[in-house]
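For clarity, chains are labelled A, B, C, D and E in written order, and residue numbers in each chain start from 1.
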Amino acid sequence: MSNHPDAAAKTLDTNEFIKGLWKENPVFIQVLGMCPTLAVTNSVINAITMGLATSFVLIMSNLLVSSLRHVIPKQVRIATYILIIASFVTVADYVIQAVSLDVYKSLGAFIALIVVNCIILGRAEAFASKNSVGNSLLDALGMGVGFTFALLCLGGVREIMGNGTFLGYHVLSAHYQPWIIMILPGGGFFTLGAWLLLFNYLRKRKEKISMQ
Amino acid sequence: MDFDNLSFIFINASLINNFVLAYFLGICPFLGVSGSLATATRMGFAVIFVMLVSSTCAYGIHSLLLMLHAPYLELISFIVVIASAVQLVEMFIKKFSPALFRALGIFLPLITTNCAILALALFQTAKGYSFIECLVFALGAGVGFTIALVLMAGIREKLDLAEIPDTVKGTALAIMVAGILSLTFMGFAGLGG
Amino acid sequence: MNQIDLKKLTAPPNPWHMLRSMGGVGIVCALLIVVAFQGTLPRINQNKAEALEKAVFQVLPGTKNRATFRVNPDGACEPFQGEARGQRLVYAGFDENNKLVGIAVEAQGQGFQDVIRLIYGYSPEKQAVIGYQVLESKDTPGLGDKVEKDPHFLANFDNLEVPLAPDGGALQHAIEFVKSGGKQHPWQIEGITGATISSRAIANIMQKSTAEMVPLLTKNLETFQAGQK
Amino acid sequence: MNLTQKTLEIRTSPHILSGMSTDTIMRNVVYALLPVAAFAVYAFGLAAALVISVSTISTVLTEHVLCRLTKKESTIGDWSAAITGLLYGLTLPPGLPLWMVFCGGVIAIALGKFMFGGLGYNPFNPALVGRAVMQAAFPVAITTWHPAFTTDRFYNLPDSTLTLPFMAPVFKAVTTATPLAQMKFDHKIADSYDLAMGFVSGSTGETCAVLILLGGAYLAWRKMMNWRIPAAIFLTVIVLSEFFHYLKPEIYPDSLFMLLSGGLMLGAVFMATDMVASPMTSRGVMIYGALIGILVVVIRLWGGLPEGVMYAILIANAASPHIDRLVQPRVYGTGGVKRKT
Amino acid sequence: METTITVKKTFPHGVHPPEAKEETHHLKIRRFPFAPVMILPLSQHTGKPSKAMVREGQEVARGQKIAEADGFVSVALHAPASGIIKRIALAPNPVGRMTPSIYLQPFPASSQEVLEGTPIDPDTASPDEIVKAIQDAGIVGLGGAAFPTHVKLKIPEGKFVDTLIINGVECEPYLTTDHRVMLEQKDDIFMGIRYLMKVTGAQRTIIGIEANKLDAAQELSAAIPAGMPVSVEVFKVKYPQGAEKMLIKALLDREVPSGGLPVDVHTVVVNVATAAEIGRLLPHGRGIMERVITITGPGVAKKGNYWIPIGTPVRYVLEQAGAKDNISLVFLGGPMMGQAVSNLDFPFTKGTSGLVVFTEAETNSKPQKIYPCIHCAYCVDACPMFLNPSQMGILAKKERYEEMAEQYNLFDCFECGACSYVCPSHIPLVQYFRVAKGILREKKAAS
C-alpha cells in the first residue's frame, strides 16, 4: 500500500512545505543548484530575483508535471519534464527582461540556466510525478522558499560585507571598507563554505545532544 | 580571424574566466568527480569533447533560428538538440571506438545535463562569436574545466589523508578549496590583454 | 484504482501514446512561450530603447532626440531601423532645435577580466569626444570599476580632443594614455592610480575606435545632419 | 645491583634518532627570517615593525584559540604558526591598516591551515592564502606602497596604519610605486644594486634580496630547506627573461631585474620551499620550481598584475600532488637489472 | 702487499648515524665463561625449527650435535658446553613469544675442549658435500638475519654466480664484531672463501669493508693468499650499506630485482663472520657453539667483544659485563635494526651480533613528541630502496594498507630504519610498515 505512488495523495500535508525550508533545504542540506547559488548572490536583489524566478519555474513545473502525471508515459517522462521546465524558464526570462533590463543584465545567462538547475528536475521526478497537485504545490513552495532563503543568506552576507549595503541601501558606516573579495567568485565559495560549516556544526551539535 | 583575438578567447575562457572557478558552472561534477584523479582526467576530456560538439550544435541552431526569426525557441532547442547530439555521438563512439567509449562513456550522460554545456551555448550566442571563435571558446572552456577539475582532484586526494576537523568534512571543505583555487586563478587576470 | 494503475505500469509502451503525450505537452509549451514572448515583446523593446536612449543622451549632453544609422562595410552610413543583431550601428543625437549634437559610438576591447564595452559621444563641431559611459565590464569591483565612477577619470572625456589631420584621412594625434597626474595635452587620457590596467584598457579601446571612426563619421556628416526626418 | 627488578623499555627500532625535530626546523626558519624582518623595520620604520608584529601575533593567537575551541592541545609550540605570521607580515605593504593585517592573519591560519587539519596537511602555503584573500578583499590598500627610508620613519606612522577596524583607510602620505609597477607601466628599470640591497619600495620584507639569500643559504646549509626549489625557480626565470629580453629589450627587462625585484626572492626562498605544500622528490621539486618560474614570468610580462609570485606559488602548490605522483622515485630493483657483461 | 685504498664507492641515499664504534673496535675478542644454565631455542634461524636429538637428563659433550636440521631450510644445533640436558620446554624469545628450547646445564668447570668431527677438504669435497657440511655445522648468517647459509649457497638450476661478496661492512653503529673478526681471523676468512667459491662457482671474491675499518681492509688485502682471486673494496661509511641489496649496488652497480635474490644478479653475499666460521669449523667437522658479540653502550662497564657461547642468557652476560643500575633499554643487535628485549632471561642466539645497553639518560633524552608529517622528504632521501616512507606512513595511519603495497612497494621495505632515524616529526615509520606488512600477510593467508 505504502509503495503506491498515490497512496497518500488525497490529503494535503503541510510537512511537504516545511521540509524544504530547513530539514531538506535544497542548498544547505541537499547541496543542489550550486551554480546559481554562487553565481548570482553577489547582491541581494540578484539573489531575490533568482530565487523568485527559480521558485516560479519550480512551482509551475511541479503543478504541470503533477497534473499530467497519469498522462505522461514513463519512457518519455524526463524529456517531457525538460520540455516543460525549459518553457517556463523561457517565460521567466522574458518576464524579467520586461520588468527590469538592469536586473536581467546583471543576472546574464543565469536565468536561462535555471533549466539545468537540478532542484527543479529533481523535484519533478522525485515528488511531483508521484504526488497530488496540492502536495506538489506545497512541495514546490517549500523548496522555492527554502532556495530563495538560502540565496538571501548568501546574497545578504556578500552584499553587506562586500559593499556595505543591503538591497542597495547603506547599512554600515559610510567609512566602511568593503571586502571586495565577497562579491568576487572566491567570496561566493567562501560564503557558501562558511554557511555549510555553520549547518554542519549545528547538525553535529544536535546529534551530540540527541545521543546523550 | 586574427590570432590575438583567438588566443585571448582561449585564455579568457580557460584561465581568467574559468567556467568553474569564476562562473561556478559545472560545480556538481566538479564536486562529484574530483574525488579521484583518474576519473577527473577522463571526465575532463569528456567535457572538452562534449563542449566542442555542443558548441557546434549551438552555433547551427542560433543561425537557423535567426533565419526563422524565432529567438524564443533558442533555449528549448539548445537543450533538446545538445542532449540528442551528445546521445548520438555516444552511440557513434560506442559503435566505432569501444575503447574510447569505455574511457569517456559513463561521463557523457552526466555531462549533458551539466550547466556548463548549456552556458557555453548561451555565452557564445550572447557574445556573437563566429564559428571559429565558438570552437576556440568551447575548447578554452573545456580545457579550463579540466584544469580546475584535475587540480581539485589532486588536492582532494591529498586531503583524503589529512586529519580534517569533523565540522569541515564533506562539501564545505571542497567548496573552501574551490574558493582558494578561484583566488589563485585571479593571478591570470589581464593575461593576453 | 490500484488495479488500473498497475495495468498502466505494466503495459508495454505504446508509441502512439508516447507521441501523443509528447505532442500535447509540446503544444502546451509552445503556446506558453509564444504568449509570453508576444506579451512581453513591446515592453522589452521599450526597455531596450530606453536604455539605449539613456546612454546616448548621457554621452551626448544636450541631446533630446536620436536617430540610428548603420555603418556599411564600405564606410558609408545610412538610416536604419529594425533588428539590431549583427549590425554595426551608430547613433546621432540632436538637440531641441534638431541640430546635430554628435554621434554616439559603441566600442569594445579587452579589459582586465573580460571584454569591456563602452559607448562614447563624438562632437563633430568640437572635434572632440564629449561623453563616455561603460556599458559592460567585469573588471574588479572597487578597483577596475573606477573607470565607470571615478569623477577625475570621467573628466577626461568631457572634452577629449580628436581633431582630424588636415588631409582628413586620419587623426592628428592618436589618443594617448598617461599615468595619473601626467596629463598635458587635451588628447591624453589620464589613468587612475590603483586601476592602471582598466583605465589603460579604456584608453586603448578609445584610441582604436576613434582612429577608425572619427574619419568615417566626418565623411558621413551630411547623412547624420539630414538623418532626423 | 639487581637486574630482576629492572623495568625495561620496549621500543621498536631504530633506537637512535638523528636529533632533527620539526620544531627545530621551524624555529630555524624563524631565525632565518629575523634579519629580513629587521631590515624591514630599518627600511620602513615603525609601520613595518607594527605590521610584522601584528601579523605574527594574529597567526599565533588564532592557532592557539582554534586549538582550544576544538579541544586539542595547542600547537603553537611547533613554531609553524609563527613562520606563517612572519612570512605573511613580510609580504604586506608597510602602510597597511593593522586591522587588515590582523584579519589576514586569522584567515591565513583558519582557512589556510587549520581547516585542513593543521600542520602537515595544508595543500597551500597558509601565509600566501592569507595574502591572496587580502589581495582580493582590499586590492587598493594592499597595493598602496610607502617609500622606504623616509627620515621620520621611526617616530611617524602612515595615516593608514591606525585606521579603525573595518573602516576604509585614507592614504594621505606620499605613496610610491614599486620597481615592478614602474617596469610594467612606465618601462623604468630600477638599479640592480638598489634592488639587491633593498633601497627600493615594496612589501615590508621583500626588498632586500641579499638578506633573503643569506637566510636561505643558512637554511640550505642546515638542510632545513630544499635548495633545489629556489635554484629551479631562479634558473627558469633567468632563462625565460633573458630570452624575452633578447627579443625585445625595450619592453622586457633583463633577468637580474626580474630576480631582484618584487617578491621573487622572498617567495622562492621562503614560500615556495614550504615543505608541506611542495613536492617531495628531487625531480619533483625541479618541476615545481620550473612551474613557478614560468608562471612568474608569464604573469609579470603579460598579465594584468605587476607581480605574480604569490599566484605562481599557490598554483604550483595546487599542482604539487600531481607532480609528486608523476615523479615517484624509481624503487630499487623495479627498473630491471643493469647487466655488466 | 701494499695497496693504496681509494674510497669512492657507495650506494645512493642512506643515512649517517653516529658510529659509536671507537669504544670497542680496538678491543681484542675475549672468551666468556659458561653461564649456569643455557637456553638453546630450536628456532634460532629463519625457516623450520631444528629437531631435538637429545632427551632430558642426557649428558652431552661440547660440540655434540643436539638437534638436527628438519628439512632443507633448517640447520643443526650443537651443544655449546659439556653438561646435562635439564629439560626441553618453551622459553621466551625477545618478542615475548614462547618457542621450544633445550635447557642445558654445563658441568661445573666444564672445559673448552671440543669434539672433533669429520673434516671437509675444500679441494676434494663436492659442492653438495660442502652445502651439507655447512648445514650440519648449524651455520646461519651471522650478520643478524640468521638465514641458513647453505640455502643461499645452493645455486638454483639455470642460474650462475660470477661474484662472491664477503660482507665486512658492519654498518650498524656500536657493533664491532666483524671488525675484530677481520683483524683476528684472517686465515679462517680465506679458508671460508675457498669453500664458498667452490660451492657457488664464483670466479672472484670481493670483500666489502667500510672506510671506518681501514686497518682491517689493509691487513686483509695484505693477507690474501697468492693466486686467490680475492680483492678488498672500501666504501664510504653509510647506513645501511651492509644490507645485501645495498652492498651489491655499491659494489657492482647491479640491482636485485624486486622480490628477487642476489643470485638473480649472479652474486652471493656472505657475512664475513659467517665466512670465518665456515673456515674455522669445516676443516674440523665441527658446529657452531659460540659467536663473537659486541657488548657495549653507556649502560655497561666492561665493554668489549666476546666469544659468547650460544644460549647464554642476557642476564648472565649483563652481570658479567657490569651493567649499571640505571639501565633502561637493552637491545640485541645494533641500534638501527636491533630488537629491544623485555625479558633478561632471553638467551643469545646465532643471529645476535651485539648487545647494546642504554641508561635512562639516553632514553629520556629521546624526544617523545610526534608531530604530523611535514613532507620534509628527509625519509625519501634516506630510503635506500627509493620508497616513499612519508606517503606510506600517512597511508598506514589511515589503514590503507593495500594501497601501500600496490602503489608504493611496501614489501620492498626491509625495515632498515633509516626513515624513522631521520624523521624530524618522530613518526615511527618502520613500526607502521611492520604492522602493515603483518596485516597484509594475515589477510593474504586468510583469503
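Everything that follows uses one rule, which is that contacts are C-beta pairs under 8 Å (C-beta built on N, C-alpha and C of every residue); 3 or more make two chains touch, one makes a residue touch a chain.
This one's a predicted model, so the numbers in the text were calculated from it and none came from an experiment.
The set of chains in contact with subunit A as well as subunit B comprises C, D.
Of all chain pairs, the one linked by the largest number of contacting C-beta pairs is D-E. When every chain is reduced to the mean of its CA atoms, the largest separation from subunit A belongs to E.
Averaging C-alpha coordinates per chain and comparing to subunit D, the farthest chain turns out to be E.
A simple rule picks the central chain: find each chain's mean C-alpha point, then take the one closest to the mean of all protein C-alpha atoms, which gives D. We define each chain's centre as the mean of its Cα atoms; on that basis subunit A and subunit D are separated by 42 Å. In whole angstrom, the spacing between the mean C-alpha positions of subunit B and subunit C is 29.
Work out the mean CA point of subunit D and of subunit E, and you get 48 Å between them.
Computed centre separation for the pair subunit C/subunit E is 85 angstrom, with centres defined by C-alpha atoms.
Shared interface positions of subunit E, defined as residues touching 2 or more other chains, are 372. Contact with two or more other chains is made by residues 72, 76, 161, 163, 168, 173, 176, 180, 183, 186, 189-190, 192-193 of subunit B. Across the assembly, subunit C contributes 29, 33, 36-37, 112, 140, 142-143, 197 as residues in contact with two or more other chains.
Applying the touch definition to all chain combinations yields A-B, A-C, A-D, B-C, B-D, B-E, C-D, D-E. Those residues of subunit C that touch subunit B in the shared complex are 29, 33-34, 36-37, 85-86, 110-115, 138, 140, 197, 201.
Those residues of subunit B that touch subunit A in the complex are listed here as 21-28, 31, 72, 75-76, 79-80, 83, 113-115, 118-119, 122-123, 126, 166-173, 175-176, 178-180, 182-183, 186. Every residue of subunit D that touches subunit C in the complex is listed here, in rising order: 139-140, 143-144, 175, 181, 185-186, 304-305. The touching residues of subunit D, when paired with subunit E in their complex, are 1, 3, 6-18, 20-25, 78, 117-121, 226, 275-278, 280-282, 324, 328-340. Of all residues in subunit B, those touching subunit D in their complex are 37, 150-151, 154-155, 157-159, 161-165, 168, 173, 176-177, 180-181, 183-193.
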